[in-house]
Amino acid sequence: MRFCQIGVGRIGSLHAAHIADHPDCDLAYVIDRNDELAQAIAAKLGAQTAPIDAVLGDPGIDAVVIASSSASHDELIEAAARAGKAIFCEQPAGLSSKRTEAVLAVVSECGVPFFAALHRRFDPQIAAFKRRLDKGEIGKVEQLLITSREPMLPPIDYLRTSGGLFRDMMLHDFDLARWLLGEGPTEVYTAASVLVDPTLVSLGDVDTAIVTLKTRSGKLVQVNNSRRAVYGFDQRLEAFGSGGMLRMGNRVHDAVELSNAHGTSLSTPMRDMTARYREAFRLEFDAFVEALKTGKPPQPGPADARAAIQIADAATESMETGKPVAL
Amino acid sequence: MRFCQIGVGRIGSLHAAHIADHPDCDLAYVIDRNDELAQAIAAKLGAQTAPIDAVLGDPGIDAVVIASSSASHDELIEAAARAGKAIFCEQPAGLSSKRTEAVLAVVSECGVPFFAALHRRFDPQIAAFKRRLDKGEIGKVEQLLITSREPMLPPIDYLRTSGGLFRDMMLHDFDLARWLLGEGPTEVYTAASVLVDPTLVSLGDVDTAIVTLKTRSGKLVQVNNSRRAVYGFDQRLEAFGSGGMLRMGNRVHDAVELSNAHGTSLSTPMRDMTARYREAFRLEFDAFVEALKTGKPPQPGPADARAAIQIADAATESMETGKPVAL
Amino acid sequence: MRFCQIGVGRIGSLHAAHIADHPDCDLAYVIDRNDELAQAIAAKLGAQTAPIDAVLGDPGIDAVVIASSSASHDELIEAAARAGKAIFCEQPAGLSSKRTEAVLAVVSECGVPFFAALHRRFDPQIAAFKRRLDKGEIGKVEQLLITSREPMLPPIDYLRTSGGLFRDMMLHDFDLARWLLGEGPTEVYTAASVLVDPTLVSLGDVDTAIVTLKTRSGKLVQVNNSRRAVYGFDQRLEAFGSGGMLRMGNRVHDAVELSNAHGTSLSTPMRDMTARYREAFRLEFDAFVEALKTGKPPQPGPADARAAIQIADAATESMETGKPVAL
Amino acid sequence: MRFCQIGVGRIGSLHAAHIADHPDCDLAYVIDRNDELAQAIAAKLGAQTAPIDAVLGDPGIDAVVIASSSASHDELIEAAARAGKAIFCEQPAGLSSKRTEAVLAVVSECGVPFFAALHRRFDPQIAAFKRRLDKGEIGKVEQLLITSREPMLPPIDYLRTSGGLFRDMMLHDFDLARWLLGEGPTEVYTAASVLVDPTLVSLGDVDTAIVTLKTRSGKLVQVNNSRRAVYGFDQRLEAFGSGGMLRMGNRVHDAVELSNAHGTSLSTPMRDMTARYREAFRLEFDAFVEALKTGKPPQPGPADARAAIQIADAATESMETGKPVAL
């Protein structure tokens, strides 16, 4: 299978390397709005650069991996779908629920495979967490707490076109909640603040938020996000049920601990998101390739992309109106 | 100082023992609606039983400790205040914000010392947590997560007159939030369910809840409660700020751990609330006595009792209306 | 039962308070070579001071608790035994195996109850460890590692008459090893150094040591001691068997942890030995009283006192000769 | 650089893959006494098989990686050295100190680079431990405790030619002790037993051992080994010094923990040695290649190989004689 990698920033360059390494894949093209970067990575991985139209017009190309800026996803998906290419796309697919619906309608019409790159589902630790919930280790699940905090605020330029905290960052937590519980929310309430950088106020964005979800069966979910966590990348889970509690802690640098007169000091959580989710990024790509090979619809797919942005839109609306939003 | 202990259930009997042990105090009377129990404890601790009127009419009695059922607090406080006795009272003082206001107005008119028995503030571990926040160990606080889950649902008869989850149980978490942040909420939102025992539906009560608070300065608080936690009494804190994160775990039975082919297994959290907060119950009583000796107003006092029930009422209202409530 | 407390230093004053508090005991006398201290504590606890001969000659005295300096234990035991008093004695009973044999022979002749105050056996955490070993939770035990380190070197004056590291400090670890394994060693080897304070060289003592024990059935034990541990009082156990591993960690101040850019920092172990073993000291005294009341021989008794000093003597000999010593 | 991989068992096949992956290396030959296995791996990695003489006679071969059975190392090293090949060799180099001396003398005469594959030094966690000791984080080091236990007894056939517990397994712990302390032992004492499999008695081998080392400056080291650890591969370190304690725990499968009525259960340590030390095996190979490229003597080298087997021989002798052995 021949691939084109679109966008080779932090995550896109990882995908490019996975394509190049995969025994069943051939990385033919690399595209980025920074052409120099695209050429450098193409050269390193034995690929070439080309205009997007040329790539999509090349009948030898089977699939595209989209990891460009979030605001560009929608048009790239539509163009790729119309060109009959299989699509692997970072989330969200569109910057609103409405736009995402339109984009996925095109995907559906064109009948191309579509993979929603919700990588955390593939993290071995999170996957183990899911398996243990499904096996009933804590009985019937009643509450889920998701902590998700990034070490540093991204550049303001990035944030300007990101869709805001709930679509750019918490969307992944919303997907996890849905997937772990096997049930989506019917009610979404947001409490949010600008506590890290006042510049966000002028963007209509926030940097600190707690969102509560309630499902039809009454399960309660709390998600907290922050754009600042000086101690590292903080992504933890806690599920609570009729039979007990299941928790997932952070991945830390090492198991070395120092005890002195000031206390006992452990390693910090890993700071770098791509290092933390290294296996997840590889495993999700493997899953996409496997789906293409077997002809099964990739999982997670359009329904998951749609559900995640719907919750993110509801959380944004709740922030703006100060009221809970029904789904 | 001569004391009367009113109510000698689980917590009241602890207080009675503390009075009897304290070098500056004399336990003169023990009262309980279960007269046999009152007599047994009175006999054991060298006190006697008497009707409440006789006790309040005894000019030799300086103070009363009220630990009877929540529904009886209001009238007992009023009667004690009018009899000029110093008052130590389990919370809430009244089963609604309005009733509490009326009761505290009587306390204020009568000019008697009033101690709001919010014992967790006196727990050495929680007190250390507060000191470290106040020292700025995590910079400016931005988020606070409070987990508070009881091992088992109390008897339905108890719940019938308890005032409901938010006044009976989460009220203590609300007080902690206010005290730890040094700031009360201006907005309260509740998501709640009956997942443990469907009987609660007919009482208009819930057993599982997540409440979000937002303060004037934008700090966000999440409190989760459950009336069931098979693994023990689960009371944890997590504060998150510009300079780091401070967490408080559960107190566990011991530090013995077993590793075998199934994993590594640690001790459970302590199950018994009075054992978990043993020092706190003693220290709060000592603080009350110290305030009486020095003539300073007891802390926490009427303002704290009032604030806690206000938040609990708001959380109850939010549950009933499905909307956030402003304070 | 009427008691005399002999020696009211750090541990003796604890025992005095336990006697005074115990419903079945009466603290009649307090003796200490510091007469002022003895009088102060006697006054506080409602007892009196008297010369030792007067105390032992008082037929109303049932028992003595000996917690004076180690070098004084032997003669006090003999005198108390000849006066027909029940004896509770800090360990060692004599500063050598030979002297201990002689002392215990007197105890035996006089037929008085003798309790070897090896307090750690009564620590709830260590007792749980023992119960779990005995229940077979790790199968057949193969190795036992005992870590035992004190925060600070005791005063040199104390060390001068303490009997040396192996009799003063590691003796308690040796008793634990014997008790936990249900089997004593047949071979003892010591590697030791003076690394904390060179003054010890002139006393023929050491401050840092690792001792290996081997039992008849081939179980292996390692004990490490240090007279310096800046991070607190460090007493941990690790047993390893055919079915797993059982570990016991330190008791720490609290469960509060701080995460910042430098790592995650936990509470230190408790520093104070009497605080760490508070329950153990009370429970061992209760056990002594219970034995006196029921007429059963106190446990641990003479055989345990004898065995512990024998191993300590062997460890000392091994240090001096550089060779393993057979028992 | 062109390589030959000798021995493609569990560890050798890892090395073969590293050679094949390394941008500066070419895997030309694969040799194994199981020729079918050699051919399979050669085919997979684009290499070929050949008799050892042909390989050593091929002037295009720069280096050999020896990971065959321990008993075959010595002759292979001598032959490779005489053929002028650079040598990377699993440890020990010879099954006795004397044989190792002879082998290393040939290496020295021939002037070929020699890398002693003591992989644990390259483990990122152990390397961090070493860096922190060297930075003085615990002041002057006084004691070092090394725990090293394997999940299962290797096959008896393997053990027959392994050189025994101290040369096959504890040798790596001895190297760590020397490297971490920057000082070798002057005294070695062994206490050992056969507790896992009585068959070992007839081999003159043991399965359970505690060895004590003492260095010239008085530092004390304890190493414990077992050939059985049902809970996983257990390799931990604890260093203790004038300024504190540094500990290194096991690497565990994940950070998921379950709390239920039976306790809180954590993940076991990883069971598989090659998975546990995955990065270490790759990094040690990188270090070997880097040394060849820069012309610097590989580290660890002959002196480390010599020291490790000397301590292992002394530990074996101490086990046989029951006496400490001076070095």
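So that you can tell them apart, the chains are marked A, B, C and D in the order they are listed, and the count of residues begins at 1 in each.
As a convention for this text, a residue touches a chain if its C-beta (ideal position, glycine included) is under 8 Å from a C-beta of that chain, and two chains touch if they have at least 3 such contacts.
In this text, all values refer to a predicted model and were calculated from it rather than measured experimentally.
Trainee: Under the document's definition of touching, what chains do subunit C and subunit D have as common neighbours?
Mentor: Touching subunit C as well as subunit D, we find A, B.
Trainee: Which of the two pairs, A-D or A-C, is linked by more C-beta contacts?
Mentor: If we tally the contacting C-beta pairs, A-D comes out ahead.
Trainee: Distance-wise, how many Å sit between the C-alpha centres of subunit A and subunit C, to the nearest whole number?
Mentor: Using C-alpha averages as centres, the distance is 59 Å.
Trainee: Could you work out how far the Cα centre of subunit A sits from that of subunit D, in whole Å?
Mentor: Once rounded, the distance between the two centres reads 41 Å.
Trainee: Note the residues in subunit D that touch 2 or more other chains, in rising order.
Mentor: Each of 230-231, 243-245, 259-261 in subunit D touches at least two other chains.
Trainee: Touching subunit C in the complex: which residues of subunit D?
Mentor: Within the complex, subunit D contacts subunit C at residues 140, 142-143, 145, 147, 149, 187, 189, 191-196, 208-210, 212-214, 218-222, 224, 226, 228-231, 234, 240, 242-245, 322-324.
Trainee: Report the residues of subunit D in contact with subunit A in the complex, numbered from low to high.
Mentor: Touch residues, subunit D against subunit A: 124-125, 128-129, 132, 137-138, 243-261.
Trainee: Please name which positions on subunit B make contact with subunit D in the complex.
Mentor: 230-232, 259-269
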